[in-house]
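Here's the structure we're looking at; comments come further down.
Labels for the chains are A, B, C and D, by order of writing; each one numbers its residues from 1.
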Amino acid sequence: MSKLNLQTDIGRLTLKNPVMTASGTFGYGLEYADFCHLNALGGMVLKGTTLHPREGNPYPRMAETPAGMLNAVGLQNKGVKTLIKDLLPPLEAHLKAAEAADKTGLPTRILVNLSGSTVEDYVEAATLLDAAEAVSGVELNISCPNVKQGGMAFGTRPDTAAEVVSAVRKAYRGPLLVKLSPNVTDIAEMARAVEGAGADGVALINTLLGMEVDIEKAKPVLSTITGGLSGPCVRPVALRMVWQVAKAVKIPVVGMGGIVDARDAIAFLMVGASAVEVGTANFEDPASAEKIAAGIAAYMERKGIADVRSLIGVI
Amino acid sequence: MSKLNLQTDIGRLTLKNPVMTASGTFGYGLEYADFCHLNALGGMVLKGTTLHPREGNPYPRMAETPAGMLNAVGLQNKGVKTLIKDLLPPLEAHLKAAEAADKTGLPTRILVNLSGSTVEDYVEAATLLDAAEAVSGVELNISCPNVKQGGMAFGTRPDTAAEVVSAVRKAYRGPLLVKLSPNVTDIAEMARAVEGAGADGVALINTLLGMEVDIEKAKPVLSTITGGLSGPCVRPVALRMVWQVAKAVKIPVVGMGGIVDARDAIAFLMVGASAVEVGTANFEDPASAEKIAAGIAAYMERKGIADVRSLIGVI
Amino acid sequence: MDTQTKRADVAFTVVENRRLHPRFVRLTLQAADGLQPAQAGQFVQVRVPSSLHSFLRVPISLHEIDAAQGRIALLIQEVGEGSRWLSSRAAGDRLDVLYPLGTGFRRPASAEASLLLVGGGCGMAPLYGLLKQLKQGPKPHAGRIAFLTGARTAADLLMQDEIAALGAEAYACTEDGSAGEKGLVTVHPVLQEGAFDQVYTCGPTPMMKAVAAVAQAKRVPCQVSLENKMACGIGACLCCVTPDKDQHHRCVCTEGPVFDADILGW
Amino acid sequence: MDTQTKRADVAFTVVENRRLHPRFVRLTLQAADGLQPAQAGQFVQVRVPSSLHSFLRVPISLHEIDAAQGRIALLIQEVGEGSRWLSSRAAGDRLDVLYPLGTGFRRPASAEASLLLVGGGCGMAPLYGLLKQLKQGPKPHAGRIAFLTGARTAADLLMQDEIAALGAEAYACTEDGSAGEKGLVTVHPVLQEGAFDQVYTCGPTPMMKAVAAVAQAKRVPCQVSLENKMACGIGACLCCVTPDKDQHHRCVCTEGPVFDADILGW
């Protein structure tokens, strides 16, 4: 087929292709520049950022599990001010240079995953991001399982979720995604709550709360006892939740959870995701996201599908 | 070490060892007699049974997933009357004969997993089981994700869960376990609710609700679209939930979810399970449960642990 | 039940890996001791390493069975990861195999009966095993046996010489006409016009349904061997069921995989 | 950043698998082209098949580096599934390797400096690589180099002859006294009494801490190479952090694995 259209829309935000990288798995982007053509990505969601810098949780922060891993990083990050001042400019410059060279059309979108422990922190950081031109959108993290206050607390109750989203909505005018926790009874209800509060889209799933034990030491493996489960092991749960949410809300859905290849990504599009995020796979193959974008094009070519949008929500 | 004590208690019910087989993965027991010494098991929980026979869901009912599988059998079973009249006697006879030969101490306990779609059905079936001497206990299934009414409906709200448990408690006087759904925001709250309603113990986790897609056909793989996820992939979530529940209730906890070897089983004991159930592993190796019981003994031998009870809840 | 125990998790050693076709190899496996007898049409569950895509064993129908010598052969079609791993096993490798599982082909009541076997793809494996048991058992089948094979092209026809060598009439259909009749097996005269007392078929479901329909129209009993996806293979999980005429679910791994076509509601 | 790109996912071919010990093999890998230069103490992430227990790559420190020839060697200690799979690779097999990662050992400012290397277990791999780079570089190190190895028993001492052949003084400690001094490396006179300008150590954490403590007491700078569990190996996931003296988390896979001991808060 001559011309494939891989562009997709997350509300107001149009991506050159549906593949983004997931927050916490792609650092601040440039860490991957040696291994992956960053401008081959539809977008990248930068590491979970808070108003003030955080040192995160003690080591050990990671455990391998069947077809996945647990992490308990706890939002170690440099804070939103350093992000805007020192980290975004070189990334933007890198993308502009690469774009000038390859001409792949739309720019690769930079989104920031924003986390916090109080509504005030969320709002203050969102206000700073609102003024940051390099930022194409914010992914509001109300579901981090690895920080005490805030994080998941906001993400497991519709009322508290709606509260923080409405507050941030007033402070941030750009595309606002809300990342949902899978650790709930009814994720569709959560999605409707944040839709009602003004979110432009929802992104799911964040990690499942899990635990691993070292039976030789009779101790938990993680310093925090529990941590966030990600990787292929969670994909069936993620696919089900994206399918449920896509049927429950009118705003676009960004799907993620255990995507390792184009087949997985296409499955998420088919159950209703307008775009996907590649996460844990980046650790195993730093070029995963780029390969997945190419794999989606190859599938469309093989199937004679001209526009990727026609795959979205067919199930 | 000369003498190992593997006996453990689920409230009033003492098992010869902590390893049971999980409902839906071990049929009515005798299916495994060619491959596994049934009397080497602490107990077995027979296939999910309802008051009346059920044909279950259409094929396809199964999909392999990373480190696990989805199933949507939908409680196909012969009904409680046939179970008691035709299926229990040969199983009981087999166990008695094997026991007479090997003298492994306590009998292997036969538990029945009981499911229903109305409180009345649960109660009527429980009344019949109360009169069945071969049955050492009932595992109340209020969390089957694969049947429309009932099943999970009861299992995701504390009030409805408590309602069905209290009703069954009046009809069944023997050891009553309640099998909990992991598809909830707060599983500790569910556990406290059924404890308050008179359960002798809780068993968890049932399957996580999941989905798989065939991108060549652009269709869900399962006839029911969604199904129950089990296998090693869910183990970190199961371990976390057992740890949370064991801290939340005073009644004993039976742990399950992705156990494939003795290491996994011991991890569940350490986070607070008084016994474990081996499920999906039976499909891959029909002697799994027997091997796991032996593996726990080998671990105790190596570590100089005389009583398996001393492993329970050390974390 | 114990007294009549027949099935076991048998540790086999690979004695030969022979490639029959770009997509098919024949694995010959040797057990340490003799084996319980098995019927063609029965199957085994072979343990393969867990991968990102598969955790369960791979069900494979028995291709050849020499129980007394403790030897079996499996026809491996390279489809998924598990079968690709199996197709790369070499002499000396060990395989853990649940043997024998399910209900196989029923032999005709009369040794004089006229039989038609219709196979395609890896459906050839159990039918060839059936032919061998019919011809080489203590009382070999005396009646006519016709073996019709369907394939895409001549190069995909398997075991034609062995079939003839066993004294069966070998017929073929190819979709491109490069061998035998051109078209699907249902166009072949031997199926359309032949007079048989029993038909056995194994292959792609559409092919089996078409063959069963022809047989039914001619009032000839037809046994079909299903390949439903299964987990345990021993009747415990009930994932592999198929509906019968009364919409009752039959367990393919125990009541089947071989069924009389006329009881099925497919 | 692009202009100075140095790291890549390199497809290597195994050219030799040599067993050094019941638990150790040395894999020699050849790239199609030359490689970016790397420092001893840097590491690689090697892709292994996904299993039920592992999904990620295996981080392994560089043992020998010949960048110009596109050749590296890895010392594989058989601990988990991944390393067992690696130890069974044969000549001709392909390995996908992220190369080179992290920050390696810093060479002494002066070529006359007196150096002590203290290794144990697979900690021998990067230290031997460091010794080679010190001795075989364009301007070989002229000062004294002592190499102290700790092991459980004589049979566990690795590469003693190679170390001597490179012109270093080879010392050993064994817990059972079967070779060298009896006890842990910290009892050895060369560490306790020797006068050095720089200590380098790699091995079990307790050993490194003890060595660093002795060095610190003698006011000798000591570089240690950490082996924290990591996921990405390129500074993205922040799973592998270690606290420094100010309780800031340092990223082991980028700022390390080699650190000056006196900045660490371990």
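The definition used in the following text is that a contact is a pair of C-beta atoms (placed from the backbone, for glycine too) under 8 Å apart; a residue touches a chain by one contact, two chains touch by 3 or more.
Treat the numbers as computed from the prediction; the structure is a model and nothing was measured.
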B-D or A-D - the one linked by more C-beta pairs in contact
A-D
Average the CA atoms of each chain to get its centre, and name the chain whose centre is farthest from that of chain C.
D
Centroid spacing, where centroids are CA-atom means, of chain A and chain D in whole angstrom
36
In whole angstrom, what separates the CA-based centres of chain B and chain D?
48
If you average the CA atoms of chain C and of chain D, how many Å lie between those two points?
55
Can you pull out the residues of chain D that are in contact with at least two other chains?
50, 52, 55
Hey, what residues on chain B touch two or more of the other chains?
66-68, 231-232
Quick check of your reading of the touch definition: is the inter-chain graph here a line, ring, star, complete or other?
complete
Could you list, by residue number, the parts of chain B that touch chain C in their complex?
24-27, 30-35, 47, 55-56, 58-64, 66-69, 71, 73, 76, 90, 94, 97-98, 231-232, 280, 282-287
For chain D, which residues are in contact with chain C within the complex?
49-52, 55
Partner chain B, residues of chain A touching it in the complex:
65-68, 70, 156, 183-185, 208-213, 215, 218-220, 225-226, 229, 231-237, 239-240, 243, 258, 263, 266-267, 270-271, 299, 314-315
Residue numbers on chain D that touch chain B, as the complex places them
52
Would you pull the chain A residues touching chain C in the complex into a rising list?
67, 232, 260
